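Two complexes come next, and they have one chain in common, chain A, joined by chain B in the first and chain C in the second.
Now for the complex of A and B:
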């Protein structure tokens, strides 16, 4: 077929901090020592909270949840690049980003404990609730971003989702809408290579997630998702572009989920120990620690003190969670619509009647 | 004293099997230290201790199945009697100790226009009525308002039958309990109608199908749906074998193994020899790949009636074991099955199953294949019978056998040869011995 080449594309790849903790001088975003330490502390908090949640679930004190261990750089790096006035639209595997926004851990515990109150983050503005429905949050993010533009607010939206989410229609609708309307939003795909037990290559036929940006005419970049500096830098740049009216960006964070998909999942059934081990060697926390060590910003004593302090903090949050607010169980019917509709009220009544009957289901 | 109950480790898990204990009774444990490994339908997980203290009691030995909600460990944490319900479950309706602002608490909901119960009682329903598009269209054609039609499905869903019944002025199905008819796609005439309302016929009791009962149910339905079963029956003259067995029993009344010597180990051994000779009965059919997998190992399962339900312990490598060894192993496995102390491996890997209801009662039975095996032998009761031998009437001990087999893999003639050979071995133990 005689054809002329009309379009060619290439996808940039960004890494700044390598596995040994060495920084690429040319790309260094120049974060201050203080900020680097804070970033590390938040990543450690996210890791420890995640591990604690796993134990709580095993003890029957928390419901099913999706552990984020191993993905701290991809969640915390971007959050660091946000302004308070920006919007965070999370999926369900960005504990670090939520904590960096200032969401109290007990709210996250309430959410995974099955309480509606876990959807409310008191005192934390512009942070949407956890979205378990895969990709549902992507059109929301596009809509919020469009609103910012419509209202001429100089704020942008940061939206997280997984590699599996890119196979949903919502992903395409959201990116298309955002690109057409030049909505100020940064899409971050945490490509952790698995969607439950479906590996990336069974999920999509593209070489990268980032190249999907080409189809929407927006910048796409693949970033080492276990490199917090690269995640910060890429997001920072994309947010600036968004706030400057230049539209959305798609960032693919290449990372790995080190634990199970959710606590109801057994990954040993579908992936090898060698694969997991290879990614443990690329642990983002270890990388960050090496950087701090090389700059003489950290020591074992400080590490110990941090772990002790984080434990106290988590203990406190667990206590609040276990003794905390419990509104009526039917609150879940309150926020379906702004107004009260008879259909919903009918369901509420049936639900309450069943509760009283002590009947269980499941 | 903290009673730690097994939580639902996955979503909707009912039970788990104890794989490994990290502590012994009497030992101390720290909070969050590993306590026990439990395997559920979904995953094997390590459960950390929710409390620090001394482990007073473990919930069961390794291999035990423990139900969600049952006590998996009792830990003396220095407190009074408490279960985790009191100790750690969220306490409802309490103010948060945190200084943060209260959540907006919504106003009490207004009562719905019509409660669903009222709708069921025949009142007009409000809001959209659940029904499939085809049913809606049919209703429009018939000029019927779906709100008037009592629905028999979940949440009052109106089915085509409900609609037709209503159109015909027929009785409301509200008399029958709700529940959809189940019709697996593609099987003509196959439909599971909702059960009649037994409670209106007399007092009834309902209990959930759980655990072993559920496993048996699943396995049997799978087997019956997937496998074309054929049963072949024969009577085997075991007079000589019985005589020998009774002698052995008398001679070794003092010695346990001898005293317990039953017909089963002989049948296990004879079946094993037949399986070597007729490998298609020691196989499995892979339906996805359309391949027959012939196994070169001989693991014979036997059905054991236990207080927890039907279990099938397995005598592994029966081809390399003597009848005495098989007998001893059956005794051990049967006791273990009853006590609930068998390791999972002792109930796995079977290639053929034998079920022996004879000692209880029943002249013969047609067993269902233990899927994905190919065949199963059912032993009836061995009894003295009047038979004709060489033109004379004789009294002989007859063991009725049924071989149920998978007709996808084996044919009637194969089964006939198998059961004939089995009969030869069991009826002439001395010839059998000579051949070996």
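Now for the complex of A and C:
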């Protein structure tokens, strides 16, 4: 047995806004009324858009996608803490963060609708597209952060991923590189407690995700992921530290995926209705609404007006999506490399001839 | 005999082999409680429990790496990659260890395991879920690459793969998972790996295909027969590595014409290798250049544009005509 302990650690937990909408005064980040309302509006937009996407998918108007209902606080709180000059490196379940970054909903629809146009965000800088390969974006975030440091830019990187992602080598490698480089990056693990059918306790034998930070010598914190104020505050502080040259942080957002993993998944195979119901009671939107109510910032009339306005906005985006922001059919031959080469151009010519001849296949 | 689809047939082989040999275990993401995202592992967790049907953490390199260790120590792991698009994360172990343990120990240590993975397009799936990269795997010496085309051969070849002495990459064309049913014999079958099958005899042209393309090849051949009375011999390759040169050459020597239809991109794909072998051993029997059907050599487009990218029955028919009319 070792005689001496070399390392002890404790993991801070953060909650600011409780389920009844009460704010812990000592920790209140002091967001203005206006900002609180904006945050709520964004969360509602994310929720309504998500639910519309589910319907579109069921109607065959959208492909398989990963709903984010229930995780709005964990996505929107951090996005609120970002500067425009910071980078957003998403996974695939942060719809709210993408929308807050200014990505138009129709671009997100194009992505899940099967068009590369969904990866192009005109006018939105420093926002990488959705990453489907679990955890692959984590080392990318570390590399982007190194570049910010290299250029002496006071910008940081915000990188999202899930609890399942922490099992991939890319997670460990990405955190280690970022730590060794003291790179300005904030890692946000949306611990929604499931990776498809795999529950957290089968994913890892550690009590928290946050404690994995200890191994890499960086701060780690577990945050109530359904508390938008805590998510904002923790991210704000971590981004400030990152921009000040103090290196990366790992934030674990403890939250829950209320819907299926993707529209191709049947969660009743692996989890109970009771569990889902218990988390429905902790809905981040309701919590935020209670806060606004308690400060007399909101009413049912305003809620109705918001829902009506959001509906019009979503309708408009769906229309743009369905009318198509689509490149020409042979665009798949355009961007194989920066230059054009005969071997591809020959195939393009054959493709065009076949299309003209009415053939539908390659 | 029972009629079943490919998912059921693969599931049957897993059941039979787990029952036969308690060293056989199944591992992967969501293969246990959830029974696999395509339900290929249905019933296994219930029947064999969590010791033998392991829901692993989300790490492809970890899955194959630990499977290598299990195989070295005497188990027969059947590891699942949830989609072939994520299998590249296990490449280090495949190339670095599965391929060479046998040769670096002169046969003293071996890695008998199976890596199953759904692959291929045509089901309007998300990015990274539609590629056909069998050539990448087949390029690695020391591993085997098997691709079934239907329920019966899927069951017989997976059984063979599980009993095989080496690492077998078993690629399942997911487009064919539930596309059709076929009679599968009551008794367990073991088809030899490395052997192609002549699925239709013919005299005018040899058509080589595998995986989901085989059905399109059959349809195109039937159409060509109806339209111009041509008799097409169809070969289901079944094993990309090792590759059954003999069956192909015997047929080509007889017909003098050949078309190869693959779903994978054209360049440096299995068709290129088949043509090289025909050139080496049967060039003078040819009456026309060997025709080749495949996907374009571009990045697989998202599903909104995938139809125009993947070859179809049209594409095979066109190649048959060109080869006949040369």
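Quick note on the criterion: the second predicted complex is superposed on the first by the 326 of 362 C-alpha atoms of A that agree within 3 Å, B and C clash if a C-alpha of one lies under 4 Å from a C-alpha of the other, contacts with A are read in each partner's own complex, and residues count from 1 in each chain.
Here, contacts are C-beta pairs under 8 Å (C-beta built on N, C-alpha and C of every residue); 3 or more make two chains touch, one makes a residue touch a chain.
Every value quoted in this text rests on a predicted model; they were computed, and no experiment measured them.
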Is A:343 contacted by the first partner chain B, the second partner chain C, both or neither? both
Does chain B (first) or chain C (second) touch A:333, or do both, or does neither? both
Kindly classify A:164 by the partners it touches after superposition: chain B alone (first), chain C alone (second), both, or neither? second
Once the structures are superposed on A, label A:307 by its partner contacts, choosing first (chain B), second (chain C), both or neither. neither
Can A:61 be said to touch chain B (first), chain C (second), both, or neither? first
Per the contact definition in the header, classify A:122: touching chain B only (first), chain C only (second), both, or neither. first
First, second, both or neither for A:113, with chain B first and chain C second: both
Per the contact definition in the header, classify A:264: touching chain B only (first), chain C only (second), both, or neither. both
Considering only the contact definition stated at the top, list the common interface residues of chain A for chain B and chain C. 64, 113, 115, 264-265, 326, 331, 333, 343, 362
Write out the stretch or stretches of chain A touching chain B in their complex. 55, 57-61, 64, 104, 106, 113, 115, 117, 120, 122-123, 260, 263-266, 319-327, 330-331, 333-334, 340-343, 345-346, 348-350, 353, 362
Mind listing the chain C positions that touch chain A in their complex? 29-30, 32-35, 37, 55, 57-62, 85-86, 89, 124-128, 267, 295-299, 301-315, 318
Touching chain C in the complex: which residues of chain A? 63-64, 111-116, 118, 132-135, 164-165, 167-169, 195-198, 202-204, 264-265, 269-270, 326, 329, 331-333, 335-336, 343-344, 347, 351, 354-355, 359-362
Once bound in the complex, which stretches of chain B touch chain A? 4-13, 32, 42-50, 84, 88-98, 100-103, 105-106, 109-117, 126-128
